[in-house]
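Think of it as A, B and C in the order they're written, each chain with its own count starting at 1.
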């Protein structure tokens, strides 16, 4: 969204002249799609929010403290534009609420934020882990850990951007009395021209076992197409999920064609729980800020009834999938950023 | 409120120069009144929010996509300024959350929004369906339909403004598994100089019967006064409400005098359930954006105990009215728009 | 925070040129600290929000109506930046939601706001009644009164600022059917150069007795240090709390040293319930808007088990203190205003 954060940035420009230390940016996305979903025989037509990019409203700002030091803040809410609600987490600033100090040493960031393991997983999905093609639907969390994509009470350190393409972060989230919220994880990557590779590891110490996530992802931009790959392993007791995702984005006509194939090889309590996902989409850009998009996606919950209940792949439709079922989704939507 | 949306529109102006595609407007209303209400012997003095105009905070923006095409968004929250809460619906963006594409063909709008039947009813109330004089207090919904004034998951089409005074919209709301939220309705109107007429019809397919609303409204501005008329019929099983509303607004001194007489002839389960409402108010304009206002209103629940429980007219005070009771309300408030 | 409200004020400046009546200011604070707390043997490491100044986001504006008359509004939300939630009161605009008319006569303000007794208590705490050093931890409310620091449904009158240093306010909050929310109170003060003194009284008529708060506070700025004193008495049935607070702030190096000693002599149901609090902190200013701060604080719940359950001093850690226990807190945080 960075390119499309315009609104108050203009003000920031004026503020820059009038009062050097001031800059607040208002930014957001409104994204609504007409969506059709089908779980075997269960069908639903509905309006959904955030099929191409999560609908949001945010405020962020940077203050130059001199000597290369900067203070900044970021408050970002989640909006369901289809029904006017905020995120079901009950957190108004669900997506991010942080304060940072940054400089030559890197950045220290405090608050609620994304986890490094999620970033390393999600940034390499042509569908941005949203909508019917979201590869996160094959990401199953075990042991009741609340540390899938975001966590509260994070102290994070980010490497500076001056390390010749090396980037990384270390994040620790305080559980504050709840083990499910506790997290320690890091991410390390290297980016050079069209090439980008990232590895991340994170764990949540649950009473019965450590819930562990390890992920390695990479992308290469061939110009006519960009290839994305992700491999992720999740461990908790006898549950072991191996996720493999392949994605392609390619500029076609006035927009972008997106393709993804993802699969999970799940070993929940010793039984196999496998699932396949295919997704194809096209994003037609009306401007840098506005697009019409459409996606067709399909999940096949491969294994038999023997492991039903032990392993659940998130479906596309409202009704949960049962073992062996397939789920299909189609959307046609508008995404507008500001 | 359109005239009073100033704040960030100025920014929009600058943005217009600096980056042609950018314009975000911050807008809002804060309206608080000291209110006295009485239901027969039950009295209450209280502070209320939105006696003249619903208190709100919103962000909206328009992007020019070229070739007459525009993308726009609208996020509008409801505020109870008397106690700092948002709307009791739990939807932060309770009033509106939409994304639109518009052009010579009209406008396609997706999200949570007003219903055409409500607009055709509410736009012809001198008291704007808020405060103690709100004519919506005589509008009774049957069958548990959740489609009185707004709905989630709407796909709407609006006619362009180039049809020689003809305007209209068609709105379909997906129920998403809940019949009470489903809605199909439309509105068609004609406006020429001082004359304006609108008709609308909408229905919600409930399991037992279709809940139907039909309304025809009009206004004529004589200069020294503006006359407003509304007739609305509501049908559900054996419940049939016939609403008639007459309103007058007249510029008097530095403000506006407002008068209304509304009545419902209600046939709930075969028994008559009638109610009368009188309201008089004065809005003293301190500026285009700020006014002091006062309203005196009265509802008489005419019928006897035989139909109590079958038909409920929304009272002004906190305690529900019982059959044959009357409810009186008086407010004195400040409305400030930004 | 007034000095640091920059962002949209700049817009206000432009608005001043383009449309004289317009000015909306966006303002806020993001403040997060790493905090260590200990209640006897119970320890916790956590991230907390608002250790130096309550994290918030707000919008406010003033309109010049001519002839010295002004209309203004103020909407201020509370943010827990550590976890992205709003205030646990469920009120999004928890901190303030008001509309005002002001002029030579003073100011009439309607809505949710601070209470005069709280202002007279809180404004004389070097730690601003936030964080581990918050003197409000020794302020115990009796009888279930909901009128400690803020109330809904307030009609308030403020004296004009032209009375030669005399200032004051009278606030009445409608209970709206709940005695615990009802409040009548006032504040009167005098400020001249380095000297400032305030007295306030407020009461909530509860069914069993009036819950009464009386407070007298003052400060003197000696230049090398500023001394703050507060004495407050709370009465409800046989519960009588006498609070005494002494605070000092002193410019030391590039920041401010803060010291406080507070004690409550509590007579709850005839038994003594005393508590002592010590706090020391340093705020290192990185700029006018941004600071790093650290605080060490200690509460000693002096009395014996005989009065446990009758008198509770709010602890620093998550677990409630029991009689005779002590609570220790330490924080290290960043506060950034915008």
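Note that a residue touches a chain if its C-beta (ideal position, glycine included) is under 8 Å from a C-beta of that chain, and two chains touch if they have at least 3 such contacts.
Please read all numbers here as calculations on a predicted model, not as lab measurements.
The two sequence copies subunit B and subunit C touch through a face in which the numbers common to both fall below half of the numbers used overall. Fitting subunit A to subunit B on CA positions gives a rotation angle of 120°, reported to the nearest 5. For this pair, subunit B with subunit C, the centres built from the Cα atoms lie 39 Å apart.
Those residues of subunit B in touch with two or more other chains are numbered 8, 11, 14, 92. Listing the residues of subunit A that touch subunit C in their complex gives 8, 11, 14-15, 18-19, 21-24, 59, 61, 63, 65-66, 69, 71-73, 75, 90-99, 101, 110-112, 152-155, 174, 176-177. Chain contact summary for the complex, subunit B toward subunit C: residues 6-8, 10-11, 13-14, 26, 28, 30-34, 44-47, 57, 79-86, 92, 286-290, 292, 318, 333-336, 338.
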